[in-house]
Amino acid sequence: MAQLEAVVLILVIVANFVTLGTGRLTTCIRAVALQGFLLGLLPVVLHAGWSLHQIGLAAGTIAVKAVLLPRFLLWAIRETAIRREVEPRVGYVASLLLGAAGLAIAFAVAGRLPLPEQAAALLVPVALATVIMGLVVLTTRRKAVNQVVGYLMLENGIYLFGLTQTERVPFLVEVGVLLDIFVAVFIMGIVVFHINREFDSIDSARLAELAE
Amino acid sequence: MTVSSVATLAAVLSVAPALPGLANRTKSFLTGRRGAPVLQLYSDLAKLARKGAVYSGTTTSVFRVAPVLAVVSTLLAACLLPLDGREPVAGFTGDIVLFAALLALGRFAVVLAALDTGSSFEGMGASREVTFAAFAEPGLFLCLLVLVLATGRLSLGGMLAAPLANAWPTAAPSLVMVGISLFVLMLAETSRVPVDDPATHLELTMIHEVMVLDHSGPDLALILYGGALKLALFGSLVVGVLVPHSALDAPAGGAVLVVGLLGVAAGVGVVESVMARLRLDRVPQFLITASALAGFAAILLLG
Amino acid sequence: MAFFFAGLALILAGGFVAVLARRAPPVADHLFVVLVGLGSVVGAVPALRVLAGGGVVSVSVAVALPGGPWVFGLDPLSAFFVLVFLGVGAASAMYGVAYLGAERGHRPVALAHLLVAMLIVSLALVAAAQAAVAFLVAWEVMAIVAYLLVVFESERAEARRAGLIYLVATHTGTLALFVLFATWGVRASDLTFASLAAVAPALPYGGAAVLVLGLVGFGVKAGLVPLHFWLPGAHAASPSHVSALMSGLVIKTGIYGLLRLVSLLGAPPAWWGWAVLALGLASGVLGVLWALAQHDLKRLLAYHSVENIGIILLGLGMGALGGAYHVPVVAVLGYTGAVLHVMNHAVFKSLLFLGAGSVARATGTRQIDRLGGLSRLMPVTWLTFLVASAAIVGLPPLNGFVSEWVVFQALLRAGVAQGPLRLAVFGAAGLGLIGALALACFAKVDGVVFLGRAREAEAAAAREVGAGMLVPMIALALACVLIGVAPVLVCGPALRAGGLVAGVGGISGLAGVAETVVAVRWIAGSAVALIAALGLGLLLRAAILRRRPVAVDETWGCGYAVPNVRMQYTASSFAAPLVEAYAPLAGVHVERSATSYATHARDPVLELALLRSWGRLRTLAGRLRPIQRGRLHVYLLYVVATVIALLVYLAAAGPAR
Amino acid sequence: MTLLALILVPALAAAGAYAHREAAYRTGWLVGVAALHLALVVAVWLAPPAAVLGGWLAVDALGLVVLALVSLLFFVVALYTVGYLRREDPRGGRAFVSCLLAFLASASLVALSHHFALLWVGMESTTLAVAPLIFHRHDRRSLEAVWKYLVLSSVAIALALLGTFFLATAQSLVAGAGRPLVLEDLVAAAPRLHVAWLRGAFIFLLVGFGTKMGLVPLHTWKPDTYGEAPSLVGGLMAGALASCAFLGLARITQVVLAAGLAAFVRPLLIGFGLLSLAAAAAFMILQSDVKRLLAYSSIEHTGLLVLGLGLGGVGPYGTVLHVINSGLAKVLMFLAVGNVVLATGTSAAAGNRGILRTLPVSGALLLIGLFAVTGSPPFGPFVSEFTILRAALAEGHPWVAAGMVALLAIVFVGMAAMILEMLHGERGSAGAHAPESGWLVVGPAALAAAILTLGLYIPAPLQDALVRAAAALGGRAP
């Protein structure tokens, strides 16, 4: 099982780097969707037991993060016919380098952290790396949709970290968390849609009218 | 209040009009002229007191009250001085402030009367009067507080009597400086050269004279007498400081004072004959110098 | 205390009646006047009882607020101030009824009456509060109500600006008081004055922090230089009876605060006394110099408030120094002089402002150089104004002389003491200078405004104001004369208050104090003698002139044939020699040409220091603007940067708990 | 059951409101539910019910104070909404009332949660419930505002989730630390919790909740959002939402203080407090829009809250009292400004002059609000700010006290200069002014009365709750 787990986690990292490196918005969204799917798999992979709790969680995660939200975002960019380029503030290479640095930091930090025994060796560093790369996407991308993608990455990273605590966090709360994230991204999507209609662009840099 | 103090006061009141005359006469003598008689002011006063009065239609009762108030306040101030060298007519702890305030009251009255006429010349005179008073007043207080420091007394009656004589041996330099300073202040307060020139005929250069242009008859007599009284008052202060005579008997003390006053008047005449009148904007410096002298005297006593 | 609170309730009721019955102005006005008058009398009863030697009264209200119970009480100090506040407050409020009557149509006059009532009540409560929180509440209510009254004529930009500056200044002062009481109360069980006094000996550095904060917090309110900057504008912009209240009473709360501070703290250290003395001298001299340069009657009077606060501070400083150098006579006389001058200044300064209000009402202008000759047209106003100006100059036989005399006694007695205290005697020369300058200034005001001939048409058309305005003015003028002629009436109570502040028990046992009491009788005697001699002289003069021809003619024009009113000496010219002599000190800008002469007085503290610093602060704040340029990704970076900074802090925190 | 009802009643009512098409019905529904909620809160206050859901939902003094404040403010805002919706018809009017009620439900959840993850869920829900309310005008500026608000809040709250997981980790590393993430058990086991993880948890929760509170430099969304949102929403955010966020921060502070980490957290809280005060002061004196000014005022008060929390001693007492006082004062200000904006259509200070003459009641309320919000006696915020000041001095931070007072003075200048000019200034071109309807002034007037009362008198039950809440936050009664 350990190898499978490692493969899944490495794929998560790969999805992160794809998001950082691609120039196409749809690729970004698909990469995050893949990540969501992998996240859904992980509880099952990590804890061999097939409890209702874990299956439910896996199903919910996959439904929300791999299917509903990516589809919604794809709909939003299709409906508004925006240009599909990412248009980063910081170049792709630089983004990738930043991501790599984040990955290194994550591994370095995680190595020093006292961890619960049951946590997998790779899980925490990958979670932290995903959080960092999510923040990188959030701060270096111009387009509003892309920032939603970054937010999703950030959430995914936190979710990964949360997997170390699944048996301590009750199901109800996890459902609540998932629901909240769903609603958040849903509202963001709507706003993105409106932004595009109003501004003829989803370049969030144009959104700087309110300032001191 | 003693018989001697009242008698001395009466003597000073009657001698007062002779003082300006003596000063003028001294000046005339020193500048080689004959000049007016020493007792000229007596006859002036008598003549004015017999005359009627002409008032400007602009003036109000302020103009009529002011001359009386000027004389009355000076008179009351004179009551506070131990003229016979031992005791004043009236006095109490802290009366030096009342002394200064009474002089200020007289000045306030005369200045308002000047402004009451609506004349630009008299306004100008009033303006100069209050200006120079503002420079002279701290000097007067400095002189008085030197006396306080030297004698430890807070009343004129106390400080100018026996304690002053006792203080002379230890505080002589300070007391001399105060005497000089008081003399200078007297020149300013009584409008003498080098601050003012009572003999000038050009209104623009006058200070005191121009303020009283509109007064006539008995009012003018009061003003003139008030001026003479002020000279006597300050002269008494100077004499009291420089020639402590508390050890003498009553008539002798009074005599010392009268002689001293005549001496001061002569001194004024001497100054007038050797000094030119100062430019108006130099007068403050002159007065500040006098104040500084008194201040220095005070510092000497504090040290 | 029941009477005290009942009186305050009556005053407040008067205010509310004025608002509720505003549709029937005569009824509302009369009820307001009656209730305020009655309330002042009733409220003054306990204060009078305390000052007459009755015991100290107090009442404690248990409020569920941090800081302990609210205590209100009257000791001689409080009682003295309460008496001043109620007496002068009532006179000004009554004047206000007639004064504002003309504005009923376009301004909320009834509301102003309510605010005035609230102001008087809060003033009385400031003086009576014996617990910090209650004090601060009364203090700030007073400040806010006063602000609302200052901006009563809010359609004028000048009033709004002055109001804002006042409000900011007073609030800043209040903040200093917050710190003051918070610092003081660190070790106290609660914030009642009794508890604060109990921990006073344990304050670090002899309570230096408290004393400095007190000077700032109370100093702003009192308007001592350089914290006076709000005062001229606020006093000039207010309706005149409010100016009277502000200048006569509100700024006195700052003095009360300082006195109360000292009474709770015990004798302050010498440095504080010297500082107060120096501030007093600066305020006195600069205040009157600035006043000389003013052209607006009310601004001029406002600067004289600064001057008189200076005189009060001279007394206060001498009190502190007397305490610090263990010369109880100087301490008692210094504080007594301060307290007495508070009362006297309240009386004559409010009277001056009311007079200025009457002049402004009658002529429509406050510009001194447009007026002239009003003494014929407004004889009663003139007479009361003359009395008040002679009083403020400190001339006998009026009340101003009495209190200045006491302050002089403290200064001069320092000279006959031992040690460094003797140096303070130089303050007497300073006070002499202040008096002479004040004389110059009021000669200018009285002469240019009331004497001579009208310079402009509005002054020529003036008519005497109505009885509603004259009666309070006459009452205050009579008070000036009464205190001047019979100072014994007020000196006893003032000595009690001064003795309380000085912490000296049996004040009558002090030789110097007994001497002073005797001297005060002499002053009364001299006042009577002066009045009698003047009367006698006038009778004599009248008798002489009755048999002589008396003619009326033009003023002697020195040969100039057609003198006209424009030739009269103006206020600017009158003050010019003094103003120019002191121009560098007073921040006065002189403009002269062959045909004109004008001086422009700018307040150096406000214009040159404060507003410039404020501009700099705004520029500095403007430099921060790029922080918020509206870019979301930058904002996100802030979040990331915060996380990183905090993680660094975490890493640096080390492993220990 | 009462506890569940406090959350479920508004939640279900939100759905119910959406179902109805008639606007008048919806507003009645809103006021009714708000009143019912308030009644339930009173009932809870009088007889605190036992914890439910295994200790996840419970009442303690701190939660009760916030709950009561939220409920009271919501009731006032509901009354105001009646008048507001008669004058303005926001697009998607149906959602407006529903979102308000959803906010009430989620805020109640926050106040009652004694479980950190549940607390997080509630907090995120409040964020989301408010978003459509900000966006109701559907124009460019409100779009921009809501976008910034959403992204920043969501990112921050995500970090708070990470912090929550850290907290769980800290707890999982020791045996017998009780129920996971339940407040009481965490506090009880606090001294044994893993220090590094606990510190990490505090940091991420501080950033997360600090952003929602508006601590500088995490405050950037606040002026934009408050400036664009309808005034009543701004008031609700400044008064209720910020209080909920503060409660979140207070909860984790409770744990870390119990763990003996005071030396670690207090400098952070004091630093954020002063920084917030300073930045708020700096931006206030340059402000030209009254609603943005209020936003910075809210940031200033947030700074005071964390400052008091960080000082210890009587500071926490002052802070909890200040939550109430500043909450009431901020809503008062927003509603009074709301009336002005309704009348003139702009929140630019230059466009609103002479309010005391055109809108006397709202103007007077704004005036009272100005003095209240700046901490002048005799209003409530004075008492709490003064207590915080006393804490600074008593706990040996004279320079903090000096800085605080200096910044408060600048804040006062900034606020007074703008608002007084609005109140008194000369009207340029006066627009047509509708008379002030009773619905629009009754709420703020009640708030003004409440603020004045709290400045003069603190009722015994409240005093009791304050003392207990302060004790929980490592403080004591003054």
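First chain written, first letter: the chains are A, B, C and D, and each begins at residue 1.
Criterion: a residue touches a chain if its C-beta (ideal position, glycine included) is under 8 Å from a C-beta of that chain, and two chains touch if they have at least 3 such contacts.
Keep in mind that this is a model prediction, so the values were computed, not measured.
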| item | value |
| --- | --- |
| Relative to subunit C, chain with the most remote C-alpha centre | A |
| C-D or A-C, whichever has more C-beta pairs in contact | C-D |
| Between subunit A and subunit B, centroid-to-centroid distance (C-alpha), Å | 100 |
| Whole-Å gap between the CA centroids of subunit B and subunit D | 77 |
| Cα-centroid distance, subunit C relative to subunit D, in whole angstrom | 42 |
| Distance between chain centroids, defined by C-alpha means - subunit A, subunit C (Å) | 69 |
| Contacts with two or more other chains, residues of subunit A listed in rising order | 135, 138, 147, 204, 207-210, 212 |
| Numbers and ranges of subunit D residues touching at least 2 other chains | 144, 147-148, 151, 155, 159, 196, 223-224, 283, 286 |
| Shared-contact residues (touching 2 or more other chains) in subunit B | none |
| Chains grouped in pairs wherever the two touch, ordered by label | A-C, A-D, B-C, C-D |
| Of all residues in subunit D, those that touch subunit C in their complex | 144, 147-148, 151-152, 155-156, 159, 195-196, 199-200, 203-204, 206-207, 211, 217-218, 220-221, 223-224, 259-261, 264, 268, 279, 281-283, 285-286, 314, 317-318, 356, 371, 374, 376-378, 382-383, 385-387, 389-390, 392-394, 398, 401-402, 405, 408-410, 412-413, 416-417, 420-421, 424-426, 455-460, 463, 477-478 |
| Interface residues, subunit C side, partner subunit D - complex | 63-67, 133, 136-137, 139-141, 144, 151, 154-155, 157, 160, 163-164, 167-168, 171-172, 174-176, 178-179, 182-183, 185-186, 209, 614, 617-618, 620-622, 624-625, 627-628, 630, 632, 635-636, 638-639, 641-643, 646-647, 649-650, 653, 655, 657 |
| For the subunit C and subunit A complex, residues of the former touching the latter | 625, 627-633, 636-637, 640 |
| Residues of subunit B defined as touching subunit C within the complex | 49, 51-60, 62, 64-65, 67-69, 71-73, 75-76, 90, 92-98, 100-102, 104-105, 107-108, 111-112, 114-124, 126-128, 130-131, 133-134, 136-138, 140-142, 144-145, 148-149, 152-154, 203, 213-214, 217-219, 222, 280, 284, 291, 295, 298, 302 |
| Residue ranges of subunit C touching subunit B (in the complex, touch as defined) | 372-373, 375-376, 390, 393-396, 401, 404-405, 408-409, 412-413, 415-416, 422-423, 425-426, 428-433, 435-437, 439-440, 442-444, 446-448, 451-453, 515-516, 518-519, 522-523, 525-526, 529-530, 533-534, 537-538, 541, 544-545, 548-558, 563, 565, 567-569, 573-578, 581 |
